[in-house]
């Protein structure tokens, strides 16, 4: 069912008469004259790809509500899958979704679209890094052959998707699983690093720079682990909306979020809670790079 | 009047429950059936309201053969034949009243009975039946709060509420201790005499049988081996009913006592 | 010799099980205790191997008071007193052999018994005991495959294996039908006579008591109300043991039969 | 004294061979299991484990009371989910129970179909059902309720049918002997016998469902589980400790109440 | 004969009580279903979603099956190990918990209390904690299953022991056996079949439970389930579910057959 590999049609949600037609049942009844919802719900996942992990989106929600004049509720979701399903079922209207999750989401639902993306350290992209022990004899990615790879999760953009793609593209690795002697799914970026730190694995792939997130528990991490290499740039997390909202409202939402860039107070909140230094507009095509990477994998 | 004409019964598994039984039981008689375990006493009794169906012969009740009866006629027959069981067969969790009034289900419409809508007469009859067996004060108790003897009295009340022409009782006192047994038998006897209801009872104990019965029927291996007034029962009758070899076994203690 | 001196027993809930019982039972006697349900027959019997402990008085076995016994002495006592129960008390899922040999647990070390390491003599004794009650051929059957009478015979064999000086039997035949009861009583009697083991039996039925007993003890409400040879039992003794009012109750059918 | 020994126990060669085969099979199963399972013992017995114990366990045992309020709110939602789901199941399971009971429905085919269906449902862990319902209706308590409801039908239906099969058919016979018809027999003979057990089992299932609903949140299906996931990714073990405490206390209370009620019913 | 004072078939008291209970049950349901937004109306409204998920799930992707089988085996092995150890360790625990063997509340009550607490903790939550300690892998999963089954098995067994026929115990005691002999000769033979049967039952429970432990990194087939859900790859999800289903049904069947023969 879901999953012919030709994604780039997501741009035009209504044009594509795939099975998703049936999804939006309630909304499509009223169709073009989509109403303002009585309440906006903002879904947020405590992102693994950031050093801090938020467990509340309340300040953002309050501020949005103030500016839009509609009640806005922030809801913490357990993972991006839940966020996507909630958006698919119109229970969440604004979702914070990582890049890879976004690509999968657009594949599954036609009415999810990225309108904004986060800016960290002044950039709307980030990289994945390969981390090895400082005293390791691994000097380049080629040396990784036959080593033990600790990765956070097979669904992680920076922890798995991009590094694996890089190995396949640049080093002609055909099958990453046989390239390494063993792959450990550590269950988190921090855990992946710890595997290397403990000597259970030789290399970990994480976002840049995940070492900071465990510095508190493992003060020695900066000296004992060294970054071997980086991947290509990965677009930052999206702020996506369901296009079942009236276009007018979507525009307003984008506007309000962008206005936070000029607001010292909001910048501070975003930084302290999500490590964001700003927000930028996004279009779906920004994520084509992730899309093309994900096509290399036997995901669908 | 109940009449067995060459009635035989073979259970589906091949056991012969009854063998060419011929009997005539008159209106108002108090008959006790005795016999060893497995002799066919229950089978005989249960065939009279067709809880089991004889496979051969004719079983006439008031000159009508009940063996070919269909479901509807059977229900009609059963409203006229009350039955009392060894284990009382009360709905333990229902009240005494509900148990007793269920004796009138056969006379009550399905719909009415679902909503406990029994005519006033039925309720009154049920209560009077309880009074007759001296247990009216327990009317709203749950059946499982009563002792065995009391439960059996409730079961008798249920049968009385049914206003049957015949009462069948399959070892009504087997689960009771001797004094209570006598009590229950006394009530059965009383009902039999007062209402002139033909009463047929299975019993284990011959002594009790002789004390209450007008007439005793001895069975063995599906056959009637004795039939006569209690006064005619002799040592020899015992042996006929229970089989000669028992006493010998007792004394010798053979290796196989099954 | 067993001697009760003013023995009383009050259960923790206040029920008086025994009231100032005075008795002397001589070596090799076959004593039957009769009485109504709740009269204290079981209590009397079970106090002799301290399955229950009298609260007052002295209970001498071979001139030693067993009431102050500690756990160790108690186990010693129990190896010398065999007990037979109404429900045979066999381990249903174990074989006959395992049940019978368990009579020797008191003579066997814990460790050895965990691994079924009984001395040859014990095994042989167990087998001979089975032979004595005519059931040796079932030695490797599971106990639950035997009939009631056979199970009780296994229980007797278990007690014999114990080589006791006293056998206590608490209604050994209450769950059995009459012929089988006689058989079991016959075996008990036989063992009593052959090995001169003092045997004390509770029975429900007076007629059976009279047939087997050297001596009958009647109990009522925790007291000994009759004590004498079977030949001395009269109509009046019956009434003393079972209480005067029962018959009246029977006939009147009072509202409360509990 | 000449010892009379019992005859040697006779064992059929078939049984001996069978026992040997069974023994070998069991041994082989264990050898295979322990030889092939991928337990990383070096990791299990590493310094890291000791460190983690030192970090996690003390935190677990010093629960974060400041989180109590939000935890209780979510626990309350968990209970609501369990109740809604159980009640739905308790009702929906009735027809299945009757169809599966061989003394009520005489058709073997119908019995077996119903039994198969009920057993089939029981093969799915609630969490797997919840996954499907999250995908169907989104991550919210509703998904959890549906998972609980469907998951419980299997067990309740089976228990119901067993209750029905174990009723005293003599009573039914007694009513038939009075001339009662089928429906009257049902209402006067069957239902009074089964209602308390049905209720009791439904309440018992509620206990199980409370336990089950506490974790459905892990995949977004509502209730306290949601917070478990978040606390874990925040590595807030003291919050996990608090959640654990609340679950233990609430589940214990529910178990206790349920047992007390069930005792009164039956 | 006094004129009977009868109020009908059911006493008014009983009627009133039944009505109150019924109303309470329905009222609570009305509230909880509203609060969780799970009313029958929501079921109707969710219909589109049910249809969509069905079309998403079918047809399953069988090419994925070999990978699933590998993890399935791991899952079953986890259940085997956990059940075995739980069965062994539970023996002293359930003996001590049986009030008819150890009537003093100072012995059986504390043991039961600990077991009761253990059983209240969902196994997946135990798994989360053990993953936190031992890291991801099958070991924390086995530990979680072990702890949970220990509580379950101990409870099932002490309840069984409390319902055994106490008469043989009397008999063994009356012939001079000590406590250990009584347990070995009178208790164990009576409960051994149930012990094996419950052990198998707990194994069934563990197989089912271990299929989802992978969600929190505790090994087994759940890991795949979680991955494929993250990829929204429902045909593969269906493959996993069907394989779990078949495996559970087969294991239950075999286990049931064995249990039937034992008891």
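By written order: A, B, C, D and E. Residues from 1 in each chain.
Here is the rule we go by: a residue touches a chain if its C-beta (ideal position, glycine included) is under 8 Å from a C-beta of that chain, and two chains touch if they have at least 3 such contacts.
Molecules present, by chain and UniProt name: B, C = Phosphonate ABC transporter ATP-binding protein; D, E = Alkylphosphonate ABC transporter permease.
These figures come from a predicted structure and were not determined experimentally.
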item: Starting at chain A, fewest touch steps before arriving at chain B; value: 2
item: Chain pair bearing the highest count of C-beta contacts; value: D-E
item: Angle of the C-alpha superposing rotation, chain B to chain C, to the nearest 5 degrees; value: 180
item: Centroid spacing, where centroids are CA-atom means, of chain A and chain D in whole angstrom; value: 37
item: Approximate Å spacing (C-alpha centroids) for the pair chain B, chain E; value: 47
item: Cα-centroid distance, chain B relative to chain D, in whole angstrom; value: 46
item: Shared interface positions of chain D, touching two or more other chains; value: 40, 43, 48, 135, 137-138, 140, 218-219
item: In chain B, residues with contacts to at least two other chains; value: 98
item: Where chain E touches two or more other chains at once, by residue number; value: 49, 52, 56-57, 135, 229, 234
item: Touching residues (chain side chain E, partner chain D) in the complex; value: 25, 28-29, 31-33, 35-38, 42-43, 46, 49-50, 52-53, 56-57, 73-74, 77-78, 80-81, 84, 116-117, 120-122, 124-125, 128-129, 132-135, 137-139, 142, 208-209, 211-212, 215-216, 225, 229, 234, 237, 241, 244-245, 248-249, 252
item: In the complex, chain B residues that touch chain D; value: 49, 51, 75-79, 81-83, 85, 87, 89-94, 98, 102-108, 110, 113-114, 155, 158, 162
item: Chain A-facing residues of chain D, complex; value: 40, 42-43, 46-48, 55, 134-135, 137-140, 217-220, 225-226, 229-230, 233-234
item: Touching residues (chain side chain D, partner chain C) in the complex; value: 3-7, 9-10
item: Chain D to chain E touching residues, read off their complex; value: 29-30, 33-34, 36-40, 43-44, 48-49, 52-53, 56-57, 60, 77, 79-81, 83-85, 87, 119-120, 122-125, 127-128, 131-132, 135-138, 140-142, 144-146, 211-212, 214-215, 218-219, 222, 228, 232, 237, 240, 243-244, 247-248, 251-252, 255
